[in-house]
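Here come two complexes built around subunit A, the first alongside subunit B, the second alongside subunit C.
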Partner chain A sequence: MEELLEILSEVKPGVDFEKETELVDSGILDSMAIIQLVARLADEYDVEITPVDLVPENFNSAEAIYALVKRLED
Partner chain B sequence: MKTITDYFERAAAANPSKAAVSDESVSLTYSELMGYARSIGTKLGCCGKRKSAVALFLDKTPFCAAAMLGTAYSGNFYIVVDSKMPAERIKTMFSTVSPFAVITQPELVDTLKETGFDGDTYIIDEIIRTDVDDELLKKISTGVNDREPLYCLFTSGSTGVPKGTVVSHGNVIAYTDWFINRFDITNETVFGSQTPFYFSMSVTDLFSTLRTGAELAIIPKKFFAFPIKLIQYLNDKKVNTIYWVPSALCIVANSDLFKYAKPEYLKKVLFAGEVMPVKQLNYWISHFPDIIYANLFGPTETTDICTYYVVDRSFEDSASLPIGNACDNCSVFVLGEDGKECAAGEEGELYVRGPFVAYGYYNNPEKTKEAFVQDPLNDSYPELVYKTGDIVKYNEYGELIYCGRKDHQIKHMGYRIELGEIENAATACEGVLAAACIYNSETDRIIMIYQGKPEEKAVLDMVRKRVPEYMVPGRVIKISSMPHNSNGKIDRVLLKNTYKDN
Partner chain C sequence: MTYTSYLYFFGFAIVVYLVYLACPMKQKWKVLFAGSCLFSMILDGFLAVCLLVTSLAAFFCGKQLTKLQDKFNAAKKGLSKDEKKQLKAEITKKKKAVVAAGTIISLGSLIVLKYTSFFLGLFNSVSEIFGGIQLPLLYYALPLGISYYTLQAIGYVVDTYRGKYRAETNAAKLILFVSFFPQMTEGPIGRYDKLMPQLVEGHRYSNENFTSGVTLIFWGLFKKLVISDRASYMVSEVFGNYTKYGSIVVFVATVMYTIQLYTDFSGCIDIMSGTARVFGIKLESNFRQPFFSKSVGEFWRRWHITLGTWFKDYVFYPVSLSSPFMKLSKASAGHMSKFMASIVPSACALFVVWLGTGLWHGASMKYVIYGLYYFLIMLLGTIFEPAFVKMSAKLNINRKGKTMSTLAVLRTMLLVNIGMTMFRADGIGEYGAVISRIFQPINIYDITSGTLFALGTDRHDFLVIVIGVAIMYLVAIMKEKGKDILTLVSTGRIYIKWPVMMGLIVAVLVFGAYGPGYGVVENIYAQF
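For the complex of A and B:
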């Protein structure tokens, strides 16, 4: 989780990712940030994130993103 | 029929209850859009200003389209300002065009104040409720001629101060005449609009919509991050025509999106703004061979486009797509360094003449004089042509091929090199999703930045097989995702600033 928080703050500095639960819905992560983040996750965790997983629900909080990565790693 | 609003009214009279411009939450019919636009025109027109600038500091919504038309009704011209733009940059634009009024939305009022703007400020939700003064609008319309400016569009400019290109009603009418006829735009067309209203490409889909009774369905930007939703949106709106930047088409291809969702109504896929990598185009063609694909080419200074190529044969992944031939009612020619017209195969600079060519840059006679010049092939009477700064050549089919920007052409180890050619070779490589080259003239080094699975050495080996040794980059850098600017194109300025010293 800590590693993920680090990646998140590199993609978008200055956000309290541990608290936020509406990263997408409130516009904190815009489309460009999501695209960057997805590419970083694929690289760092060596997972394949397909369009099926690319839905706002999977990116609204650090927890949701973490769950997505864990699920794809298995 | 002389102005864009005349053509719009004709389309509105024929399609009053049809959707004109819509987005995720709002859909304005032609008669609603006309009503709002005439209200805005009344408010802006009643102070007596003509041929002056009105700034539209608004999100991309159907109401912004109403404000564009409303400004035209008032006999003035608009500039659209990106709602995400910082106050400092807005200040520079305002100091060039001195708008007498700004139309904005409540959330942006504070940013507007920071710019120091002290003219009339209108909130969009309020100005659209102005009582229409038909007599005033009629009087304004009688006094207007088709050479008057419709908008001024600022190009970001990789160096220095942004330039505001002044485009007239006549430019947009001549240009959309070609576009509407060539691509058969009718009141059955539904555009899926990707490009921002402050980018020249949006002139094409917006005004060809408003002239024909078509619908412009604005695609929320976030859907490009959630591509299945993007396809759902295209299907919900029954989008049959798209005109996007290649980077947006590549998002679809790179995620192998058609394995998961398919557009059901799409008939025409048009693109412009940057080079379309053939590998990703081939992905689209392999899934949808019956769609019409066309590569459009041109600068803001020729309204949007001056040449085009409708894909009519197949291309290898490593080939480059032609930019084709001049649009109808537009002419182009290619001059070599000796000032003579180039023969087939010879590289030269592209010039454009005819009614798509804009006036020049607002309050910038110096830059205007450099780019809008007397036709070098005509010494009999005054005729201005636009010097594009693009290097092109004719291929064996008599089609133009884009070689690169004059200012991107580099001299490396004694050879004249187009960085675009190296990028082409790289994007054709298996597993490479995007590539861009930058050149550091101080160290005489070509640096290639790419996104994709293969490692740096593997990519370098693949590139080496496709280009001569002197074109092989001195350094290759893998990044996890290519940065894009607000128009959706690869952000070359950022890349250069970040990686030039690597």
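For the complex of A and C:
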């Protein structure tokens, strides 16, 4: 999780990712930021994220993103 | 038949609604289906044929995609991991071929009908440089709404491919989804999983749906007939003869055009959404107070939302996640700073999106530049964002404070106004001439002489427009604060509901630009 928080802070500095639960809905992560994040996640965790996975529910919080990564790793 | 005509309301929509109410629940969708088919035939026989071809192509492709997925699900049981992987690859290859076929049929007819002359013109321009042949330009009659229902059908096929839902098994139902009459010519571009259940489930008369739908229809008519159509007369005069007018008049005309465009498009969407609401169907939102945006990016997330989300889901994400772009992402990481490496791949994908968005609006270089204008502004905004953050910290400026937020909103309005002027100008050359006209020395005589009020939109029209925009602004402020006045009115107590509704109806009847002396102003976005 700490590694993920670090990646998130690099993609979008200045956001309290541990507390935010509406990253997409509130516009903190726009589509450009999501793509930057997906590229980093694919690189760090060796997972394949497809357009089907790119829904707000999977990116609204650090926990949701972590769960997505874990699911794809399996 | 336009959405603001008597024929649409009294000769069509009300008749369909009465038959819809009279039918048994399970048959109601058939009324919508028959009404939509009839509507397309009344508008244009060619449109009806194109709709049928696109819908049937989507139907058969969807069916094939679900069949292939079922085949995979049945065959994978008992297979080893490697065998499963191999089978999946085979099935995916076949599914891709089906999606490609569906997209080629839908998009192909759009490209041939809308863009043939544009591409032939481009070919001729290049050929002329090298002294080559010149091909005759071919113009086809463009069916109304082709740019909207094509995207809707493609979205359905792609989502079926992605396994978001199973394909529709009834061809008539899919034809209804693609051609539902309130959204046929101007959107909003609907999604199958949200719209289809509402279309087929059938709705009884509901007082709430009826009053909220009618309120929305009259709110749309207010925007379209009271504000937009009045503004259109001055806009047409000034853009048609801009060399005759000074900077102030031309600038006012550009602002007036932005008002016209917004009230025309959002007004028509309100009329359509209101019509659907009366039937108990909720269409997707297409606008969310766009002129409260603090950046151009935010503006496009609030303006023509269904087009933006369509391009995001079916162009931006797939392009960004494609292997060439992922490779570009990796290559960037090895050769650039972390910041630039994170921007370059998504900027390239964004370029494709904005090129597509520009071309979607029209087949000319003007629209290409229009799309790329917004792309450039957003890209520069992203590149310079860290510098702005640093500078603000150094100068102790609170970027989220009220003053800076207001300035950001005004800056966005100005940038959007510049973009929309390009939308209205006849070509790039004319656009440049109109903009340079604005920067000519200000001549106060333009105001004192009364020129501003002698261009088809007189003092009385200006007053009506200003009051209309002020009312719209107040409603938007309330909506930003989470209070939807229109919903409150339609669901509120009778002593609030009826006076407001009557006020709206009287305002449309008294101040609407219709009848003798007023020409019919075509819906701007129906031309795409």
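For the reader, a short list of remarks on this structure follows.
Here is the rule we use: the second predicted complex is superposed on the first by the 74 of 74 C-alpha atoms of A that agree within 3 Å, B and C clash if a C-alpha of one lies under 4 Å from a C-alpha of the other, contacts with A are read in each partner's own complex, and residues count from 1 in each chain.
Operating definition for what follows: a residue touches a chain if its C-beta (ideal position, glycine included) is under 8 Å from a C-beta of that chain, and two chains touch if they have at least 3 such contacts.
Please read these numbers as outputs of a predicted model, since none were measured by experiment.
In the superposition on chain A, contact of A:Glu10 is made with subunit C only, not with subunit B. Within the superposed three-chain model, A:Pro56 lies in touch with subunit B and out of touch with subunit C [touch as defined at top].
In the superposition on chain A, A:Ile35 makes contact with both subunit B and subunit C. Looking at the shared chain after the overlay, A:Val24 reaches subunit B, while subunit C stays out of its contact range.
Looking at the shared chain after the overlay, A:Asp43 reaches both subunit B and subunit C. Judged by the document's definition of touching, subunit A residues 30-32, 35-36, 38-40, 42-43, 50-52, 54 lie at the interface with subunit B and also at the interface with subunit C.
Against subunit C, the residues of subunit A that register as touching in their complex are 10-11, 14, 27, 30-32, 35-36, 38-40, 42-43, 49-52, 54. Within the complex formed with subunit A, the subunit B residues making contact are 221-229, 251, 255-257, 259-261, 451, 480-481, 483-484.
Only residues 162-164, 297-298, 301, 312-313, 316-318, 320-321, 326, 329-330, 333, 338, 342-343, 345-347, 349-350, 382, 389 of subunit C touch subunit A when the two sit together in their complex. The residues of subunit A lying in touch with subunit B in their complex are 24, 30-32, 34-36, 38-40, 42-43, 50-52, 54-56.
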